[in-house]
Structure formats: C-alpha cells, structure tokens
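One structure is given here, and the rest of the page talks about it.
Should a chain be cited, it is by its letter among A, B, C and D, assigned in written order, with residues numbered from 1 in that chain.
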Amino acid sequence: MGNEELILKLKEVFPEMDCVQGNDWPELSFGSDRLIDVITYLKQTPELAFDYLFCETCVDWKTHFNMVYHLDSTRYRHNVVLKVKTDREKPEIASLAHVYRTAEQHEREIFDLFGIVFLGHPNLKRIMLTEEWVGYPLRKDYEDPINIIKL
Amino acid sequence: MFSIENITNSFHNWLSSVLSETLVMLVEMGLIAIAAIALFAVLGLVLVYMERKVAAVIQIRLGPNRVGPMGIFQTSADTLKLVLKEGFMPNNVDKFLYKLAPFVVMITAMLILAPIPFAKGFQIWDINIGVFYITAISSISVIGILMAGWASNNKYSLLGAMRSGAQIVSYELSAGMAVLSIIVLTGSLNLNEIIESQRNGWWIFKGHIPALIAFVIYIIAVTAETNRAPFDMAEAESELTGGFHTEYAGMRFALFFLAEYINIFIVCAIGATLFFGGWMPFHIGNWEGFNHVMDFIPSFVWFFGKTFFLIFLIMWFRWTFPRLRIDQLLNLEWKYLLPISMFNLLLMTVIAIKGWHF
Amino acid sequence: MFEEVATSKEGEQIINVGPQHPATHGVLHLIITLNGETIVNLEPNLGYIHRSIEKMCESLSYRQFIYTTSRMDYLAAHINNHACALTVEKAMQIEIPERAEVIRILVSELTRIASHELWWGAMAMDLGALSPFFYAFREREVITDIMEETCGARLTMNYMVPGGVMADIHPNFVKRVKDFIIQFKSRIDEYDQLVTGNIIFQNRMKNVGILSKEDAISYGTTGPTARGSGVSCDIRKIYPYSIYGKLQFDEVLETAGDSFARYLVRVKEMKQSISIIEQLIDNIPEGDFQAKTKAVLKLPKGEFYQRVETPRGELGVYIVSEGGTTPYRIKFRSPGFSNLSALNHMIKGHKIGDLVAVMGTLDLVIPDIDR
Amino acid sequence: MDVKVTPPSAPFPGSVQEIPGGGIVLSTLDDVINWARSNSLWPLVFGTSCCAIEMMSAASAKYDFSRFGFEVARATPRQADVIIIAGTIVNKMAPVLKRLFDQMPDPKYVIAMGACATSGGPFFYNTYSVVKGADHVIPVDVYVAGCPPRPEALLHALITLQEKIKSGLTRDQIRTQFAENGK
C-alpha cells in the first residue's frame, strides 16, 4: 500500500487522530491511552499487517515525552510512524512486549534512559546502567556535574 | 654402533666396583629420580615450544623467535616466570584438595614414565605387566582433575572437571581395546617383548587393516584422554574460560600445563611402542642388508622420532578441528568407537589365532 | 554490583558468562541458568560499554557526530558513516556526485567483506578451531591496507561526510581491489574446504539455535540472522538507498533458521559483495568526490530516518532536528540490540557448548548494542 | 613515554629491588628474574571495543606478537600477567576491571591501549557514563596513543613494558630518570 493510500485508510479508521505525511512515511499521532487499540488494529488487519517493529524510541520535548514507533510490514513493505504523547510528570504507557517481542528490550532501554514506565512489561529494570543509578540521562533536564564534562 | 645401553652398563659396572651393592642401588635410584625429573622438565619445555612453533607454522606465523636463537628460551622464560608468580589461593577453596590436585596430575604423569623403553636397554623399570601398569596408572590423573575442579569453588571449574571425568571414563575403554588388539598379537604385556616381537616389521604394517583401525582408534581415544582439542572439553577456553584450572595461578598452573604435555608424550610413546615398534628400527622381514643399515641409526633416535611424529599429529588436530560438544563427544565414543573397537578386537583375535599376520 | 543477580531452583545453577569472557566478544554479561549442562534461561545484561553516544551526539554538530558512529559498530565503520551521511543529505537535500556514490558503495562492500571475515574467524575460534582466525585476518589485512591508503585509517575511517566522501580514492585503489578480488575468490573456496565441509563443524551448527520465521520478525532480528530464517530483510533490496537499486546482486536467503543457515548466509554474502565490487570497480565515473556544502550544516526542523544494511543487519538513524546546528535527539537503531533479544529464545534447552555456536552466528558487536 | 604520577611508595610491580649491599649473585639473579618476567608477558583476553580488533590484528599473522611470546592469551585473570585495556571503560565496567586486576597474581602490569583507555578519548565530553581514563581505576604502566592505535603501536607498547621490567627500577626511579634525562 502506498503512503497516500495508507494515510486515507488510517484517516478513515482513526478520524480523531492526526495523520500526516512525514519525510518518509505517514505519521499518526495520538494519546497514550489509544496505543494498544491502534497497534492491535495495525497488526491484525490483513491488508495492513504491520508485523515488524523496527524502531522504538522516545523524544523528550521538555513539556511531554513522545514515544515514537516505526512499524514495517514484511508482507507489503509499507511503513508507518506512530507518535504517542505521554505525560512528563507521570510517564506511563502500555508495553508492547506481548505484541512485538523485540519491544521488550527496547522498552527496557527507554525505561533506563528516559524513565518511562511500561505497564505490563514482563521484566522492567535498568539494562544499560547499574541498578543504583539515579536519574534518567537522556532527559533534557538531566544534570550530572561529576560525570559530564561540558564542552 | 652407538647405544645408550653400553653407557649405562659401563656406568653400572664402575659403580659396582667402588661401592657396595645396596649403595649402588641407592645411588642409581637417586640418579634415575633426578633424570626422570630432568626429563620431565625438558620434555615440558620442548613440547610447549614445539606446540607454539607448530601452531605458528599452521597459522602462517613465525612463532616465538626473540628469546634466544629461534626463540628456544621462550618456554624457559615462561616457566621461570610462572614459578616466580605470586602463590595464589582464592578464598573459600578446599585448601587441601586445591593444593594436592596439581601434584596428583603431575605424579601420575611421572609414574607412567617408568616402564617406557626410551632406547634399547634404557628403561627405568622393566616390568612384566608394563601395558597393564600404564593403563591402570593413567586413569588416576582424572582424579586430580576432578579434585581441581571441585576444590576451586568455581562453577566453570566444576563443569570442566565433570566433563573431563565423563570423557576419560568413556575413552579409556576404546583406548584399552586398541591396546589389547596389539597385546593379542604379541601375547605379552611386557613392553620390551612387544618391541622385540616387531623385529621383523612394525605391527601397524604386519597387523593388516585391523592394526590400522586400532591405531586410528587409539589416536582418537588418547587425544580425548589427554583433553586435547578437538576434545578439550575440560578446558574449552571459549566456553569455560579455563575449565578445571580456571582458578589456578603460578606454579600450580604450570604443573597442570606441563602435565598435559607430558601426558601427550606418554600416550604417543606408548602408541609408538605398540604400533611402530618403539626404539626398534625400521625392519622389513628378511632383508638383512636393509635391516642392518637401519640398525646404524641409534635406537633412541627411532624412539623419539616416532613419538614426536605422533605428537605432531595430535598437535595438527588441535590447530585444525573445531571442538565437539559434550554429548557428541560421548556419542562418538559409545555409539561408534567402542563397537568398532570391540569388533576390531574380535577380528584381531581371529587373525592372531589363525596366524594370518606376517 | 556483585550481589546475587538471580536466584536458582533446586538442581539448577546460575552461571555468569562475562563481562570478561572469550565467548562474548567483548563485554556482554549473560546470566545463564543451567540444569547440568543444559541452559534453562539466559538473560543478557548490557551496558558494560554503554558510552552514551546518543547523549553525546546532542551536543555535536552534524559534521562531528559522524565520527562517533565509526566507534559504534567498528567493524562496519563505513556503513555506519554512510547511514549518518545519508540522513543528513536527505534532510538537507544535498545531491551527491555520481563518483562519490560509487566510491561509497565500493568501500561499504569491502567493509562488509572485512566484517564477515572477522566474524568467520572469530566464530571458528569460538568453536575451538583456532587457525581459521589467522586465515581470515590474512585477507582482512589486505582490505585494511586498501582502506588505510584511501581513508588514512585502518578501522575507524570516518571517510564519508555529508555531501560525498572525505577525499578522493588513492591511485592504487582500483588495482589493489582487483588484486584482492582475484585472491579472495580462491580463498573463499579454501574457507569452505576448511570449515564449511568439516563434519564436526556441521554437527555443531546444524539444528542448533533454531529461529522460526515468525519469531525472527517478532524479535525484530535483521541481517543474516533473519535471512537465515527466510525473512527477506535486506534493506539494499527492499528499500534501496544510494545506488543499490541499479546494481545486480541477490539477497541470500536460507530457510532452515539454524546456526548453519546463518553461517551459510554470511559466507554467500561475501560472494555477493565481491560481485557488487566487480560491477563497480571498472566503472568509477569521473568527477567530484564531494558536493559543495556549507561549512556549518543546519538541518531543517523535522524528523528524519534512514535505514541501511550493515553486516549485522538493519541500522536505523533517527534524527530529530529543531533547526539548529546540533541534533535535538538522535537514536541509533542498532541491529545487534534486536538480534541479541532473540538469543534467549534460540538457546533455551541447548547445551552450554551451543552458546558459542549460536552467539557466534549472531555476530554481536557489543559497542554496537550498547552504543 | 609518559609516566603517570602514582603514590611515591608504590613499587613498580615485578621488579626485584636490590637490597643495600646486595652482592653480585643477587643482582644477577634479579636480572634473570626480570628477563623471565619481561619475556613472558601473557595478556588477558580483555577487549571492550574498537581497540580489541587492533589487538587481534596484532595477534594475526601480519603483525604476529607471538614472536615476542605474547601469544599465550589467557581467558582467566589468574594466569595472566598483563592486562591490555583495549577500549573504553564505562562506569558499569570499572568495578569489573578493578576486580579483574585484583584477581591477577603479582607481578601484574597494565597497558592502556588507545585514547579511550588513556583519557576517555573521543568520549571525554558530554558523556555521562565514560570513565575518563582507566588510570582512575587501576594503575597503568604504559599508555598507547591512537584511536585505535595501530598494531605496531601496541607492539611498541609491549616492548616498552619489557624494557621497563628489564630495567628493574621502581616507578619512582623511572620518573626521576625521566625528569633528569627526558627519556
């Protein structure tokens, strides 16, 4: 399915969401409460079949976090980008570890570096840093006068 | 004709002329002990050096060449350094067993040196059950390895030791069968008599195909018994870091290291004795002239030549083949080698009874 | 730091492989639950070489941040640089000269061969055959020398810049690459004789670490790991970037999904890379090696993503730009990170000796996983 | 060669100190011991990142550090003499490195290979997890420049370490000599 078709389809199914053409792929933005609905639809609809989560990451926009999911379909070779807004004070979002198993490790990394809590994650603990590390280093307001030498 | 026998005999006669009989025995025992230990050390150094050079040749490298001419003092430097390293014992080890283990392995290796005829008439202990003695004693070294693995209080060591135990217990069988098939031909357990029986040709040539099969099985089994690649499950560097000697350092590690090479020497010496006639020169049946020419080469040259050829073979294996997995290793023994060697023994017995061999 | 990391049941023991362990090719820490010699569970513990590259890049300019990626997956430095350069070029809409494109592909494919060479040697070494490592390095050194002549570095080249390549190729480049092709073609048959056909080797690799097609997709594995399971995922084929769309080469697919399939994919990929190089080496167009770009690069506001195929799989570079001279956020989607997550699934129920056979064929580069 | 400042009391590991009035026999013995130690440096298999590949290159046929007897790479720290820190050390790795160093029996030596192990190198600024130089964790005997250093540089470092051991001097004495003669 081409990008235009995909946008039309997504707009039809999720009319309340913001769906635009990004630099490469269609981008769908919505709130964190709808994540599981959207993912389930995208994965299980036969003509979409987004079965491959190739990138999951997070961007700290200082006022909120944006979870970014890049999805690919190994059958049709079309992509979509999901942008999910989460609260910065109480960052919680549903885990996708049961839908895409690759998400388990990606979500652990995001939890480690951004401090986003993934609800329903089987093994949510720090992966890159030690357990006793304080703070989430990839947040924009992270300060560490001991380790970080600013240029 | 140069022979070590003459030297030892004349030395014995000279000693007897100056000392009483008891003293002669004591002095000779002392001298032999020193000689055995010296041989042990020299063999260790030479074999380690040889291994490194063989590895280098196979791996298109140069190998040690900076310490002394051609790097021949490399292994001496290594040994000296290991001796001078900090004596090290980790916490919570079983102190007694931890200290004992390297010596068990070492002493076992030294004990087996006793009945091996290094040259014509040059043997520490001419014992009538030589082969039996060797197979019996060589099984003890696994106890040392198990001790080391258990006492080290390290999971890698324990895994390595357990693997080694399973492996040696299995491969003793087919090694024993291969040895037996030669015993069947000679009808003697005495190593000297086995060598004498090869005066008109080595068993590997005289014994038809069964002798060849027995030799192949013997080489495979002893490679496994000495924990050498492709059967180095006990050490398995990429899986178990160091295997049973993970926690050993300095001199204690050096003892394991040397014992490994001495064990290789011993099994190859036995292989050379059983299949290639030990110190017996290359003789062909009744070709008197040819045999006489061969006799001019000293017997110890023959012995060491054959032994080192077999050692080279085992080193060649090590640097070429990947390692087997532990279950494949046991499958190979119990499902293939053991039935083959049993059948081979049967065949050999028939040949011996019917007198079909040369 | 060293407290009990997991608890074991009766009859099971926990064994820590790494961070310093020869099988892990670096500083990966695996917490393995063993029952006898059988692996019950495996949990990777990462971060022993987590160098905070993503944080660091947020304060580096678009020309500077490329060098950090050479140190990420150092076996495929060119391809990492290529991904970054492509992202920046895509964002700034820089047209690159034809010559630069061809040079980029040439060095990328040489890097791919060098990387697979090292993998081949290291994997054979893990399995206990020590000599293939040295044979692999013999050929690898030739590539390293070619790279050194052209790029000035042996390992971390930083050769590709936004707009093209840093410098023109060395006059000897074409001749030496041609010599290398001739030499390598005979050597790869030697490899097959020495390792691929070896019965011990085949027994160690076959039916070990099986990953089904569905699992391969679900775990997000890419590169030879996924292609060994029959997943078509070569970015060069499915989303062609640079001039890969114009080149003739096959995507190597195996369906068995075991370690041996992954092994075969990599060995055959080396041959494919050689054929790509053969197509290009005689046809390097004349012209500039670098497009004219501004000294200070400023990316427009927006989000840019570029996927490329490294020897280990799919590398994604995700740049979020606020319009300044430094990225607002950079994410490197590293292939090893996802491939590693499938390890537990693949290794369960196998012997500890199989760990090296499976990990060897995943071709993990730890700094690439940890970033 | 740069010699880092360490506490003045720490002796250079492995060198046997000549006692005052020590006879000629003892000195010769020292020489023999230092000769053995310098010619038998078994490295620990320890590579964290890029430099490890160059360390492998140094082991490979073209550079072949087995010529000097360095090829007996031990996987277990108990049997190693020299730890070549090949790559970046991060905060999570630092305790492990310290532990590995502690597990090695004396005399033990350390080579910091590459810019990362020397000072943090390219990862010095703006990183939250990199140790800025492995000498914050364990004492380093020889530093190698480069990112990554060429195999020749590593060989040179190992030879420098050999010379350092052969000289039989303490770290203090080496530093004084360095200050006086500039070499």
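Convention: a contact is a pair of C-beta atoms (placed from the backbone, for glycine too) under 8 Å apart; a residue touches a chain by one contact, two chains touch by 3 or more.
None of these values were measured; they are calculated from a predicted model.
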{"item": "Third chains touching both chain C and chain B", "value": "D"}
{"item": "Chain C-chain D separation of Cα centroids, rounded to whole Å", "value": "31"}
{"item": "Cα-centroid distance, chain B relative to chain D, in whole angstrom", "value": "38"}
{"item": "Chain centre separation (chain A, chain D; CA means) in Å", "value": "45"}
{"item": "CA centroid of chain A to CA centroid of chain C, Å", "value": "25"}
{"item": "In chain B, residues with contacts to at least two other chains", "value": "59-61, 237-238, 241"}
{"item": "Set of chain C residues in contact with two or more other chains", "value": "1, 21-22, 47, 50, 52, 55, 59, 133-134, 138"}
{"item": "Multi-chain contact residues (two or more partners), chain A", "value": "128-130, 137, 150-151"}
{"item": "Full enumeration of touching chain pairs", "value": "A-C, A-D, B-C, B-D, C-D"}
{"item": "For the chain B and chain C complex, residues of the former touching the latter", "value": "55, 58-61, 155-156, 159, 163, 229-230, 232-233, 236-241, 318-328"}
{"item": "Residues of chain C that touch chain B when the two form their complex", "value": "13, 15, 21-23, 37, 124-131, 133-135, 138, 194-195, 198, 200-201, 203-204, 351-356"}
{"item": "Touching residues on chain A, where the partner in the complex is chain D", "value": "128-130, 137, 142, 144, 147-151"}
{"item": "Residue numbers on chain B that touch chain D, as the complex places them", "value": "52, 56, 59-67, 71, 73-74, 76-78, 80-82, 84-88, 237-238, 241-242, 245-250, 253"}
{"item": "Of chain A, residues touching chain C in the complex", "value": "22-25, 51-55, 57, 59-60, 68, 70, 74, 77, 81, 100-102, 104-106, 109, 113, 126-130, 137-138, 150-151"}
